[in-house]
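Per-chain numbering from 1; labels A, B, C and D assigned in written order.
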Amino acid sequence: MVFFDHDDDKPHEECGVFGVFGSLEASLLTALGLHALQHRGQEAAGIVSYDGKRFSSERHMGLVGESFGGDLRQRLPGHAAIGHNRYSTQGRPMARNIQPIFADLDTGGFAVAHNGNLTNARILRQELVRNGAIFQSTMDTEVILHLVARSPKKKFVERLVDAMHQIEGGYALVGITGKKLIGARDPIGLRPLILGRHGKSYVLASETCALDIIGAEFVREIENGEVVVISEEGIESIRAFPPRPPSPCIFEYVYFARPDSFIQGRSVYEVRRRMGNQLALETHADADVIVPVPDSGVPAALGFSEASGIPFQMGIIRNHYVGRTFIQPTHTGRQTAISKKHSPNRAVLEGKRVILVDDSIVRGNTSKKIVQMVREAGAREIHFRSASPPIVNPDFYGIDMAAKSELFAATHTHEEMVRELKVESLGFLSVPGLYKAIGEPVRNGMQPQFADHCFTGDYPTQLLDHQRAQADKERQLSLLDDV
Amino acid sequence: MVFFDHDDDKPHEECGVFGVFGSLEASLLTALGLHALQHRGQEAAGIVSYDGKRFSSERHMGLVGESFGGDLRQRLPGHAAIGHNRYSTQGRPMARNIQPIFADLDTGGFAVAHNGNLTNARILRQELVRNGAIFQSTMDTEVILHLVARSPKKKFVERLVDAMHQIEGGYALVGITGKKLIGARDPIGLRPLILGRHGKSYVLASETCALDIIGAEFVREIENGEVVVISEEGIESIRAFPPRPPSPCIFEYVYFARPDSFIQGRSVYEVRRRMGNQLALETHADADVIVPVPDSGVPAALGFSEASGIPFQMGIIRNHYVGRTFIQPTHTGRQTAISKKHSPNRAVLEGKRVILVDDSIVRGNTSKKIVQMVREAGAREIHFRSASPPIVNPDFYGIDMAAKSELFAATHTHEEMVRELKVESLGFLSVPGLYKAIGEPVRNGMQPQFADHCFTGDYPTQLLDHQRAQADKERQLSLLDDV
Amino acid sequence: MVFFDHDDDKPHEECGVFGVFGSLEASLLTALGLHALQHRGQEAAGIVSYDGKRFSSERHMGLVGESFGGDLRQRLPGHAAIGHNRYSTQGRPMARNIQPIFADLDTGGFAVAHNGNLTNARILRQELVRNGAIFQSTMDTEVILHLVARSPKKKFVERLVDAMHQIEGGYALVGITGKKLIGARDPIGLRPLILGRHGKSYVLASETCALDIIGAEFVREIENGEVVVISEEGIESIRAFPPRPPSPCIFEYVYFARPDSFIQGRSVYEVRRRMGNQLALETHADADVIVPVPDSGVPAALGFSEASGIPFQMGIIRNHYVGRTFIQPTHTGRQTAISKKHSPNRAVLEGKRVILVDDSIVRGNTSKKIVQMVREAGAREIHFRSASPPIVNPDFYGIDMAAKSELFAATHTHEEMVRELKVESLGFLSVPGLYKAIGEPVRNGMQPQFADHCFTGDYPTQLLDHQRAQADKERQLSLLDDV
Amino acid sequence: MVFFDHDDDKPHEECGVFGVFGSLEASLLTALGLHALQHRGQEAAGIVSYDGKRFSSERHMGLVGESFGGDLRQRLPGHAAIGHNRYSTQGRPMARNIQPIFADLDTGGFAVAHNGNLTNARILRQELVRNGAIFQSTMDTEVILHLVARSPKKKFVERLVDAMHQIEGGYALVGITGKKLIGARDPIGLRPLILGRHGKSYVLASETCALDIIGAEFVREIENGEVVVISEEGIESIRAFPPRPPSPCIFEYVYFARPDSFIQGRSVYEVRRRMGNQLALETHADADVIVPVPDSGVPAALGFSEASGIPFQMGIIRNHYVGRTFIQPTHTGRQTAISKKHSPNRAVLEGKRVILVDDSIVRGNTSKKIVQMVREAGAREIHFRSASPPIVNPDFYGIDMAAKSELFAATHTHEEMVRELKVESLGFLSVPGLYKAIGEPVRNGMQPQFADHCFTGDYPTQLLDHQRAQADKERQLSLLDDV
């Protein structure tokens, strides 16, 4: 269908979630919210609404804006709705893997969508199947659904907490039952979830930018390990786990979140600008111009220019008619697609000493192509700067970022990277510098304030599936190819 | 999409099933078989194949010939395949209700499709949900799947038999696992299933006409209560229930089966022609011409002409560009559609005394319209003849035929029917006459040779859901509307 | 898309036309009329309506019933409309060749559709192009449009007559201008066109069956060489040519027209039945059963049975889920498609001496396959009977029937045909017998009552393009492939 | 289908054109070129190729990247191709108005596409229709085609020149005949067209960015009034008009062209940056931050920051999942769409004195909404700056920019604009300042170096249709609505 280009060499978040309770425009608000969260997943989107009697559902491949036009209030009626944008970590790109998913439980209907990844999904799944559970998709979300369905507890929320005690990993989930909108966040708050208010309605969303688009006000973040239950009676908060400090994913600051979003009260844009300031202090180079890799590198490049006094220019132009990431996640597509997204602005680059600023380097493919493009446009020197530290470890909580063997910084020395990128110099922000830019003067080595394992190797949870998978490489999760 | 006309006033079979094992063209043969069985269900069709490693699946709304073109061997590879045509009894016309359905069980993948209706599906479903089962469709087939998944037995076939002991009703099912093609028929053989051979492959199908289209030879009928297991080792037969005489649905002879099919060794066409012979003997009228309601009334009308000596003519022309039944099963569609399907052949009808022969009368709507059409074309007298007895009871085994309160013969006296139809006379074949035409000299009142409850009220099984449903009218099966 | 089977071996009419003036449901009536005329062309359909200010248009590949659902009065508003069904003689199966076509002329908008073929279209087209005309399709209709546009006459109807004086061939056309519905028929009336009345509206159609479907009454046939102009002032008739007896295409009786239509006051069904009577007299054989090739052979087979006393039975069953002709007119498709359309009814055929009755034999392919199928079903003897004379000459007026070198009867002796068909005997209706069945005691050899050139070689007009084409084989009509 | 947002308040260019001769990947290169030119028109795109024997064509509504995927070399084979992106000035958004258009002329096939608008198209069209021409679209391009077809000249190129002598207005056209790729530009060079070379192939394109995407090198601009003919013999240049200085549209610099394109040897990005420098000099305000309206305002805002020393920040975030302009050109769509495209970056705006820089103000609607959004995000002062002079006159050469009565600056005094926008101050670049930024020290009042009529009222050609249209408002161009 569409041959959108994509950010080949970026970490990919697999999901954005949204939910609303108490508005007759629930499904429309959800579509708008998902539209604002589109950067978190472009492969597919789904919305389920509830009108007091019946759940209605639509799930489509492609962008929200392409599928959820028309009169949504008629197609997806009701005062409550949840929605989901998906990239594709677990589960191949097929129709049966689109969230939210729905089931008729003993306690009534339940629809649920989640952002994140369970680190023991495979083990739980095998156990459930052995006990007669039927899986019709390959999504982690279906595991949660089964655990809720099989919980011996009576009340729905108790069942959900019961399920949360069995799963491990990073997740933020939204769900609706006949009477409630529910939000929940994993014990360390790896995946984001916030609460907003829109008139008399309550809203749950992955980021604050989804509140802004509908004119909702920010109330607070859902806390790590918290379950919120929103109903006509108002909001109830349940602490499903013993208290501990949160450890949210540091990549929300580095790349995932939209720059106009706020996380933990901090402007993402300002954090990225300060990362640029810090980067300039740590990795100065003499140059004529600071050029961002657009759009994600812009705030850090502005910060770099600010701190270094070297002028900022748009030396690379981004074609607007391509999505931020790809709709056809095939390897071939990835290779041919890239040249159509970025164009060199020769007038800025020719004969210049250029500092190229990007948010991060993952596999290095895109960086190499951009360097080559900038060089062919006449740059005299190219100094590549990454506004985050070297990525040397994979993620297991829902970020699609390549295996360790594909990570550029994990497989090359500094000198090898300089040589492969063909740049005059290469610099990364340091881990302490990153913490400083975010606003934490010092990283707490015993219990880091953020999940920063990609940079440091300190994983915040066990990785059961991963350990098992090493031994059990070939077993396929599902046998069905569905069209 | 399509505004096909349909046989408004006919009983509707909900399904045709087909399966093949041992051919590299398994999915293509299945598509052809389903095409030959298209008269058993036109709303949707699905095929699942297995290539030794992976199951592949396609399910589409609409006719087989519209969706399953192109290179099927590539899209649905493998040596084994099953397929299903659906009308729509249980479950509204939506994508998630298309068979076959698939699940990853503890014993491996399993795909299954079935024709028929369980009379205790609702009760089983409620119990399963209470025990943590998750339902993602409203199909009876999913109940069977859950029973298989939860059976304590070790071997797959034992689990299936275990499930069959829990369900009641009429069903014929086909399934594939990693190594086997499986066919099964309910304890009294209500729904048809036959076995054929195509070269080295084995074939299962609802009717013999599906063997003819692929050039397969008929081997035998699957017996009532039998499970057949086809694998590379050949065929194994399991008798899942104590032996008893079969009691197949009599409507296969009256209307469902294609005239070129054979049931229990009898030509359906010949049976219908003898029904016409018998009808002429029982309900003679003086007339100039015998006119069938095409196409289902043709064999009986020929038989009537033969026995009465009155000439047979095509006094009603059928438009070929409409399906036998409807794709949009809404009430409104039914009403407006009818006039486009039949046209009067004025040259045959004008000034004539006409005997109109149809296979049956269900709600009477179509009959009234046809009588009116024939009258307006100039017929002087109209004698309506039904080649089956009055339908006075509903079915619960998978025939969609209107509630008792809608059945014409159940709600009108003979005189009222004559008056409403506006005919000079009306005649039905008798129950003994019907048995005679089929080839059974006498109906066995203690254990009828056929399931003839629609004519007689003798239901061959318990009707658990129906009894429960009386008390529990409003509870809806699923809460989800899915698009 | 669709793999409809088709009547491989039948002559193909390329068009049905319909027009209505004076009803607010003009486009809906046109869709119904085209639906009734669907047997005349299944590849594509188009409707243009006019609401007093603006023309609206829809043209689709595929069946009328598949494309023209929904609220037609809104999409195609107005009191006047014309429509067209197309098979595909001239012009490949592509979107830009769908009729009606429209142009903004000096006299205002004009939409036109036609059934038939011009025998000098190519010559006219070349001349027009030399004089600066721009052709955007390969349809004959566009030639007529250009001739009208370039006529020096002032009034629209005079321009049309002017154009008719330049074209040769067989055609029936319908058109709408801002104020008028226009119908016209070629000088010898080769292609059919009739006039009906529906309340206060007037209707034009290819056949009377299109009047019946909307409840319109038949008024009269448009005469050969006549132009009718229907407006708010009523009907005006213009005789565009000197009077001469008509010579309509005899194939309308033999195959094209629907059996419930009337031509020249004769029931098509009755004519075909009498063709069967006559065929029995001319080609008797001792046999057990008369079997028609359904559906087109049914009336003649009934007539054969009537005259011979041998019983009529449905020994071949037709699958309803295939169109009468094909949607993909490729040669390959034709070969593989046939087996899916007809099935043998073994109960009727086994061990019997069978007289197989078909309406005609064109290339013989289908006949061979049907004979083989009947033989494999166990027939002891097969006597093939064609209810029309041997087809030994091609048509050039809009019937798609294969070149002379492909015509079975033109390229084989009687003995060779018997041998190739593998039948016990073969019989054709004689030309005098055909005239007699239609109701003309004797064929007028000087000026035959019907265009019967396919049987006799007497072409009723010059064949300019054909003569030219012999010399100029390779020049292609248009250079554009459009999707 | 798609609810892309759009630049409500921007002038819209209606077209981008591209052509290539001499490459076996001609259609693929054309698709890539059109993709790079997508900013010039997003409503529809078309490509015609020629393989030496046959022209092939595809035309689709929507973006190039959505429709022209797959194996283009197979679908559109050949060594020559032309393509076209369309916004929609003349002609409503319907399928029959997509370019390129094709005709079988006396000299052979000819496909043509053009960017621009004829100012005497209506008059020519009426004359052509009076002389028997048939129009099947409402596009100006069809007028050119008819003039070529009817030219008395013998050679194709002479015919084209003949046609160019009859038309007036601004246009750049590309065409292919059997042997040639042709490019032509109007006598004053209003619409852009450049020549490039790609290996052994020649390329024509609206902008240099379309050369960059395929790796082609820039050769030169096609001159005003020039016709280039590219064939296997190489390039031939014909001067169709007496020499005069060009007067290209100044809006290419202001808004249309992509910033990485070069026009007349000048970098568009640099020109815009200098417009920002100049704007700062002319309209200084005390402020804390310079904020561009992204993306078109970015270069001028950087220039403003540079000249003023006030820091540049991304105070407005643009949602990437919307196109630059939109697909549904309805008035309603325009109103609801805007809020989904821009989001305020509160961290940058709150409590600040903001200078907002945009490229231009057309109707003022978007500007008002953006000001309101920035104010609601907490800006203390807002100083609006337009990097181009007030737009006080409409265009008639292919820019869709609203009627004079809708132009904000044409209908409001400076004070009224300040009041309606609700800003602390408002400033526009001066006309001399604009010329200076482009690199022309002084505007030549007698024969301006650019077509700047929107700012000055000096139209470079006669406006025949416009004058006539005043008198003849109601006559509609075409009567057909086509789906």
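Here are a few things to note about the model shown:
The definition used in the following text is that contacts are C-beta pairs under 8 Å (C-beta built on N, C-alpha and C of every residue); 3 or more make two chains touch, one makes a residue touch a chain.
Chain-to-protein mapping (UniProt): A, B, C, D = Amidophosphoribosyltransferase.
Being a predicted model, the structure only gives us computed values, none of them experimental.
Under the contact definition stated at the top, no chain borders both chain A and chain D.
Centre-to-centre separation between chain B and chain C, using Cα means, comes to 37 Å. Centroids built from CA atoms put chain C at 62 Å from chain A. Chain A and chain B have Cα centroids separated by 50 Å. Chain B and chain D, compared by their mean Cα positions, are separated by 62 Å. In chain C, no residue touches at least two other chains. You'll find the chains touch as A-B, A-D, B-C, C-D. Within the complex, the chain A residues that touch chain D are 1-4, 32, 35-36, 38-39, 42, 63-66, 69, 209, 212-213, 258-260, 262, 267, 269-270, 295, 298-299, 302, 306, 311-314, 317, 319-324, 339-340, 343-348. Contact residues on chain D toward chain C in their complex (touch as defined above): 48, 53-59, 75, 101-106, 108-109, 111, 129-136, 142, 145-146, 149-151, 476, 478-483.
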